[in-house]
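One structure, pasted below without further comment.
Chains: A, B, C, D, E and F, in written order; residue numbering restarts at 1 for each.
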Amino acid sequence: MTLTHFDEHGRAQMVDVGHKDDTQREAVARGRITMKPETLALIKEGGIKKGDVLAVAQVAGIMAAKRTHELVPMCHPLLLSHISLTFDMDPAERPAGLAAIDISATVRNTGKTGVEMEALTAVSVAGLTIYDMCKAVDRAMRIDAIRLVRKRGGKHGNITLE
Amino acid sequence: MTLTHFDEHGRAQMVDVGHKDDTQREAVARGRITMKPETLALIKEGGIKKGDVLAVAQVAGIMAAKRTHELVPMCHPLLLSHISLTFDMDPAERPAGLAAIDISATVRNTGKTGVEMEALTAVSVAGLTIYDMCKAVDRAMRIDAIRLVRKRGGKHGNITLE
Amino acid sequence: MTLTHFDEHGRAQMVDVGHKDDTQREAVARGRITMKPETLALIKEGGIKKGDVLAVAQVAGIMAAKRTHELVPMCHPLLLSHISLTFDMDPAERPAGLAAIDISATVRNTGKTGVEMEALTAVSVAGLTIYDMCKAVDRAMRIDAIRLVRKRGGKHGNITLE
Amino acid sequence: MTLTHFDEHGRAQMVDVGHKDDTQREAVARGRITMKPETLALIKEGGIKKGDVLAVAQVAGIMAAKRTHELVPMCHPLLLSHISLTFDMDPAERPAGLAAIDISATVRNTGKTGVEMEALTAVSVAGLTIYDMCKAVDRAMRIDAIRLVRKRGGKHGNITLE
Amino acid sequence: MTLTHFDEHGRAQMVDVGHKDDTQREAVARGRITMKPETLALIKEGGIKKGDVLAVAQVAGIMAAKRTHELVPMCHPLLLSHISLTFDMDPAERPAGLAAIDISATVRNTGKTGVEMEALTAVSVAGLTIYDMCKAVDRAMRIDAIRLVRKRGGKHGNITLE
Amino acid sequence: MTLTHFDEHGRAQMVDVGHKDDTQREAVARGRITMKPETLALIKEGGIKKGDVLAVAQVAGIMAAKRTHELVPMCHPLLLSHISLTFDMDPAERPAGLAAIDISATVRNTGKTGVEMEALTAVSVAGLTIYDMCKAVDRAMRIDAIRLVRKRGGKHGNITLE
């Protein structure tokens, strides 16, 4: 078992995927931002009267997914064919006394390598954007559980992690 | 209590900081990536024989901090004067049966607004880079507990969150 | 009267502003996108039921303003302290049989040169984003009248163009 | 008739084009910048003696077309195979007492979606660059009539709008 | 013999490659940075005790290759499938009294045009990064002999330049 | 003598310049691209009849200087106040049988750290752009002697290297 991102000299490389087939691929990633219940209440109000934190977070997540290969050094540039994010403002099983927003991102492409990093990046930057827009009222927000939940296509076929 | 990122029409804006003083500011953020013990063992070996996952993650985190305002829509462009990251490969209190790397980022600037988002972005992208470089051997890695731990300078002075 | 963006060899340069004072500056730019009345009706509905074209355009305009110096070759990098956009969906004096959205952007900074180009870029990219999101239903939309309407600060003081 | 850039929750998404065929596509966009006759005279002189505003605008337009998907949030990344711009410094039918430069951009690709936004972005940024380079002598320049004039390829075949 | 990057009006364009076949392509570029022997000694030590200049240069070269089309105006965006760099810290035939590091970059893609510029950009930015990290101790470093050494694939087949 | 870009753990960092004074700084860098005499002849003709390779290279160099901190990992973001490039198409002392263009870049800022890397990056990318635009007729071009020739301002005052 080896880390393929390193060459025989032990130096990092962008691994060669030139021999792989172009297949349709999909990845779904999730994460969560926890906050005070009052902060979530402000976000929910905002959706109606004062603006829409989640609309901004969604645009940020979509735009960040397209720039994943500029941020994560060994990621290949890819022609993403679809990016979407959803938010769940009332998830089950949240820490006592706290509110939370669950963030989910789905990314698809047709190419030689998968889009896991793009989905994870979309979730991360959507979470950072929510933090940024609410930090004046709640500095103790926390981003947790950023993980891959499903991938389809490619050599290993369909994989579900939770 | 209101979300300052919205104008009186309820639309998002980059809030005006023009009236604020230029002060020296610092923010420290942390996060964690959990993984199988075998994955951490490979990373540690790599540091000696095969390459250095954390060296790549560190460069990625530093470069991402400089691009925070391109990723997080309402962030101001800032003249960062210092960025550093440290990694702790043997943190206490980790989930049973799992290994973890704790990531810490310190960012400083002299300016009209703080660098919390830059520190949080550095941690997030360092974590994503570790995930990317190890995902071929461990798809179930998880990024957790991305949070601000300290800030200095600015109107509110020094704040320690943990 | 000469074009200052060229050196004595007739080649383009980014002109020297190093000797200028840091002053507070503001620029306001405007533009308009015209469309079929049915297209505007869809945008308005969307604001309530189906999504919010203008929320996306606003984020796009704000993010583009921050990248003006990457797009317009001779623009200086600047520390923008404020960016906001407003949209008027029922402007007076529009072409017969057509609907229009007027876009206005306000940008401020403290620095050695003004923010006219940033305000004009915000308006342009907000207009392009509206076009993009509605083009499936109305390919004949048109972006017009992108212009500077006011600037404050700097050597020439306050200037109002309309 | 619906706006396809929104999902069933009313949130913006980058629509899925994964099922579409790769076809050769072309888009032609146009726009105009109006100015004082003296400003145009300076630009024309510059082409011979002092530099070349349009050479800079052309490079800016080409480079901006390649970054369209970074600027317009719901645009797909595309492998552009051709970008060119032309300028007409003596267009017919211009406003009384004013000079104008007409800007035309042609973009081609082979892919799953068209290049209208890339052509429109090239025209917009070329116009902004002309504004920037001449604004010291003419702040009242105006960018008008940015529009799609022709597209070829894709599901709808060839379309000419003017 | 003509320069294909110009159209019939003598203006720069991104030449049309839409009619070309997608083939597997590779380019290898090289360059050298010369320095004082003491500077090289510090870099070598650093690899063990103090950090790793070449690890940072390698990441920088890989990331720069992916952004070649944003830097070199007439370059096409490409889906790079592989990027690697190697460094030789003891090259033969170096200038008397000086040490040198030879930098080599290999880039591959499958596409309509080659990756020479991407390999040359990777070498250039790796060299600039070494300069940056050592400039506090040796301002007289020099980057030399950036050149293409081999290309494969495309209309002209395999070409070796040295 | 140590490399300041590494922290006490031996990991790369963006060094802290927060304590430094803002001073006016300037850096001048140079480099050379050698080519076949026929290639230079084509470039010179182009300036009159067919387009202007050096105009494109100049824009590319100026734009690249502004993005130095995105390319060179440990570089600080800076507010550049001036960037210019000049080209000498008939330098003395060139290799037998070859033509050459000498590239010179001058960059200025007011800030806490110097602009050497920005000037070196401008020269490098201008050279790469000339290579790109002429590579169809001369693949054996070579970029040489990229070096700092002068810096002013900052702690060390004025330094001339050649």
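Observations on the structure shown:
Here is the rule we use: contacts are C-beta pairs under 8 Å (C-beta built on N, C-alpha and C of every residue); 3 or more make two chains touch, one makes a residue touch a chain.
Quick caveat, the model's predicted, so the values are computed rather than measured.
Counted as hops between touching chains, the shortest connection from chain A to chain F is 2. Placing every chain at the mean of its C-alpha atoms, the farthest one from chain B is found to be D. For A-B, the equivalent interface among the listed pairs B-F, D-F or C-D is C-D, as over half of the contact pairs agree by residue number.
Chain C and chain D touch with mostly matching residues; of the residue numbers seen at this interface, over half occur in both copies. Inter-chain centre distance (chain E to chain F, centres taken as mean C-alpha positions): 15 Å. Chain A and chain C have centres, each the mean of its CA atoms, that are 30 Å apart. Taken residue by residue, chain A touches two or more other chains at 7, 11-12, 52, 55-56, 59-60, 63, 67, 70, 73-74, 77-79, whereas all remaining positions touch fewer.
An unclassified topology is adopted by the chain contact network, corresponding to no line, ring, star or complete arrangement. Here the touching chains pair up as A-B, A-C, A-D, A-E, B-C, B-E, B-F, C-D, C-F, D-E, D-F, E-F.
By the touch criterion stated above, chain F contacts chain B in their complex at residues 7, 9, 11-18, 69-70, 73-74, 76-79, 111-112. The touching residues of chain D, counted against chain E in their complex, run 24, 54-55, 58-59, 62-63, 66-67, 77-87, 108-110. The touching residues of chain B, when paired with chain A in their complex, are 1-7, 10-12, 31, 38, 42-43, 46, 49-53, 55-56, 59-60, 63-64, 67, 70-75, 116-117, 120-121, 124-125, 127-129, 131-137, 139-148, 151, 159, 161. By the touch rule above, chain A contacts chain C in their complex via residues 52, 55-56, 59-60, 63.
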